[in-house]
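Common to both upcoming complexes is chain A, partnered first by chain B, then by chain C.
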Partner chain A sequence: MIRPVRALAGRALRNASRRPQFFVPMLVFPSLLLAANTGGFSRTTQLPGFPKVHGFLDYQLAAAITQSLLLGGVSVGIAVALEIESGFFDRLIASPIPRTSIVFGRLAATFCIALLQVAFFLALGLVFGAEVQGGVGGALLVLLVGAIAGTGFGGIGMSLALRARNASLVQGIFPFAFVILFLSSAFFPMDLLQAPADWVAAYNPLSYIAEGLRNPIIAPVDAGAVLDGLVAALGVTAAMTGLSVFFLRGRLREP
Partner chain B sequence: MSASIRVLSAFQRRALNEVLRVPGGAIPGVLAPAIFLIGLSGVFGAAGNLRGYEGDFTAYILPFGMLQGATFTGAATGVNLARDIEQGWFDRLLLAPQRRSLLLLGLVSSAALRATLPATFLLLVGLLLGVSWPGIEALVIAYVLIMGFAAVVACYASLVALRFRTQQAAPLMQIGGFIAILFTTAYAPLTLQSTWLADIARLNPVNKILEGVRQGFVPGTVTWGTTWQALVALAAMGLVLGGLAVRSMRRTGR
Partner chain C sequence: MPAIEAVKLEREFKGRIKAVDGVDLAIEAGEVYGFLGPNGAGKTTTVRMLVTLLRPTGGSARVAGYDVASEPDAVRRRIGVALQEAALDPLMTGTELIELQAKLHGIAPEKVTRRGEELIERVGLVEARDRRVGTYSGGMRRRLDLAMALIHEPGVLFLDEPTTGLDPVSRMTLWEEVRRLKHEGTTVFLTTQYLEEADQLADRVGIISDGRLVAEGTPAVLKAQVGQPHLEIALMDGGDRERAVEVLAGFGAPRPPAEGFELAVTVAEGATEIAGIVRALDDANLIVASLELVEPTLDDVFVEKTGRHLEGAGEADEAGGEPGGSA
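Up next, the complex of A and B:
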């Protein structure tokens, strides 16, 4: 099981590294929104109810990371759908490897890419004056929560691809990634959200993931917030990995 | 002259057919700005309590959403052109006994027409969210600017499509317009922005276009001063990007 997972993860990582345009939506779009949000909404830290932060950039870093990871999930879905469309997926299924390694291999690569995404945004934040209040340990926690969450979002993309089998359809979920993100406390404090966004955000796992990513950046590490984020990320990953395996088996049963 | 009009109207019909026959292709361009509008007003609505916004936050960002829709439409024109190049249809188009500048005009004018779709949808969503009716005069100016901006973005996207000749360049087509509208007073007035963003916004000609679209919504009064600045900015961008696109079109295949 481990060898095929490693081989498939290596293949996915090589494919990604050979197509720099693969990283454009994941890194450039969230960076641009981060810049625009930080420049446009910097004064909102003066609003009553906004937590004390070093700067609005520090607060927005978690939003940019979450957004980038969600877009990474869409990219995973498109990559898998393209493999299905091109027939490569059928050859993988015919090869003498455990079939679940197809799912785990892709998700292992997603974990590695998610680590790079989180590291990129932390570095970007530090270059432009943000501070990680939780120190090195806090930064490592951000990497951990982010990588697990990114794997979970990759699982969402993968299960959609296995179900839809069409890259255009998977690409069509791009706007919905933003819907889920906007209906969370990723961008703004929960107490300052307008109805009904505040109500939905309270139940949205993305809020907990974003808060888990944000806490070590804007304040000394609070075990509760980070643990909530970690549990939400693990929950999404477990659920979506299970769903991907379920859809894969469903696909194999079809004539 | 009548032949030129027939060519232009053929492009318009093709663009309209695409919307009617492949509605799935147009949905993201309409839906994405609407999601941004609803999402931003729900998330950052409290920012409207800051002194500096001359009205409701949703009304403030609605014109940004309308221009965002125009950006998506313009970029989609470039993606469609790249698809036509990949599939060989564009080569056959080049053999047509027509001026190449007319072919480009057909493409960008179809983008201008299609931009009215997301703009109208956004306007309806905005009105449902409580934005005040801006008045016919303000809407006419807003639609002229939105259609013109979609044509400008389509010129840029066509330039990219003619250079790279592949749909894989789509992110590059989208990102140009996205940057142009984002680094303006999209989210906040100059007085509330960080200094660096305010400096960029002052230099960015798209900011003048955005202010021109916005004037009927916030502050709610249409002035000639704001309007002519927006029209001049639009014309200047159209001349530069349109000129470059025509040059690229003429060089294609030679």
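Up next, the complex of A and C:
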């Protein structure tokens, strides 16, 4: 199981580096939104109920990371759907490897790419004046929560691809993930959201992932917030990995 | 024990469409089996079931001694598969792809590079091995696909329309490789739309139409079932046609000549009778300007069995197929 997972993960990583049209938007678009939000809404920090933060950039970093990781999920979905469309996926299925290793190989690569995405945004924040209040330990926690969440979002993309088997359809469906992102506390504190957005955000796992990413950046590490984020990220990853395996098996029963 | 065996194999899709309807196969080890049929006849669906990509909805099949439904892992370890359209990753190089395939087939790490190099050389891709596959021509992609299918030295190889869309030279190269595999004892299950391809390569041919196997046998036996070869003859300067008819009557039944010829006669023994006929005409002072031995084709068999021509019939001539005994 380990050897095919490693081989397939290596291939996915190499291909990601050779497909800049997939990789660059994951970094560029969230960076632009981060710049726009930081420039345009920086006085939001003065609103009553807004947590005390070093700067609005520090607060928004978690939103940018979450958005980038969701875009990573889109890339995974499109890459898998393209493999299905081209027939390359059949080649993998016809190989004498556990079929779950196809899912795990792709998600292992997604974990590594997510680590790079989180590291990029932390570095970007530091360059433009943000501070990680949780120190090095806090930064490592952000990397961990982000990488696991990114893997889970990759699982969403993979599930969609295995179900839809069509890259255009995956691309068309995935923007709903961004609607769900905006219905979370990724961009603004839960207390400042109005009903029913605050109600949706309270049940939205993206809220807990974003808070888990944000807490070590804006304050000394609060174990509760980070743990909530970690559990939410692990929950999404476990659920989506299971769904991907389920759809992969279902795919073999159908034409 | 047959290398490939199917008993009343069926595959029904949603809407109760039977793509494969009770196919029986028994293919011996070392045999090249040509599976002929037009688009939509059920060729690819049959292959997908035999290579464990699709579960049968009825009947059973065993490949390399293992059941495709209950022992798919054992089947996959023993087969090589080159599916339609050479599905390769355009972002990877030839070497990377072949090494990936080796790793997926569990080849020991220390042997991966050597085995990959051997196969790259065998299929003539040494100079292109470090180029991305996206830059390969159709023929190069097919050859790489074949090399990948052979990485673990499978006993049974499935080639699903390996030459469709290829230029004549690439097609001939693939044919040579299939002949070489047969010589090495590999069982080859070859689906094709090209009659000449099946005729040239296959020990036995199965014809599938609307999901059913409608004919099976060696190309020679199948062709013999639909008729005997005949000789078309043109005489120098018109010649004495009446006299020629009398001479030819001793060899076989006359038949209407094709355009460009003056006489035609059935020759039950085929090419072996040509020398005798030419000598007899010469003895009667009749000079032969040209002659052509016309043999029944697999297309004739296909028409006989299904009532229609096979798509792609005749295309293989463009690929360098050898016409029968033109002189």
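Here is the rule we use: the second predicted complex is superposed on the first by the 253 of 255 C-alpha atoms of A that agree within 3 Å, B and C clash if a C-alpha of one lies under 4 Å from a C-alpha of the other, contacts with A are read in each partner's own complex, and residues count from 1 in each chain.
Simple rule for what comes next: a contact is a pair of C-beta atoms (placed from the backbone, for glycine too) under 8 Å apart; a residue touches a chain by one contact, two chains touch by 3 or more.
Computed from a predicted model, the values in this text were never measured in an experiment.
> Return first, second, both or neither, reflecting whether A:K52 touches chain B, chain C, both chains, or no partner chain.
neither
> Considering only touches as defined above, state whether A:T44 meets chain B (first), chain C (second), both or neither.
A:T44 sits against chain B, while chain C stays out of touch.
> After the superposition on A, what does A:F187 contact: first (chain B), second (chain C), both or neither?
A:F187 sits against chain B, while chain C stays out of touch.
> Look at the residues of chain A and decide whether chain B or chain C touches more of them.
Chain A has more residues touched by B than by the other partner.
> Over in the complex, which chain A residues touch chain C? Could you list them?
3-4, 7-8, 11, 14-15, 18-19, 83, 86-88, 90-97, 252-255
> Looking at the complex, which residues from chain C come into contact with chain A?
It is residues 13-14, 51-55, 73, 76-77, 79, 81, 83-85, 87-89, 91-92, 96, 100-101, 103-106, 132, 148 of chain C that touch chain A.
> Sort out for me which residues of chain A touch chain B in the complex.
Listed in rising order, the residues of chain A that touch chain B are 21, 24-25, 28-29, 32-33, 35-44, 46-47, 168, 172, 174-176, 178-179, 181-183, 187-188, 192-194, 196-197.
> Using the touch definition up top, name the residues of chain B that touch chain A in the complex.
Chain B residues touching chain A: 24, 27-28, 31-32, 35-36, 38-47, 49-50, 52, 168, 171-172, 175, 178-179, 182-183, 186-188, 192-194, 196-198.
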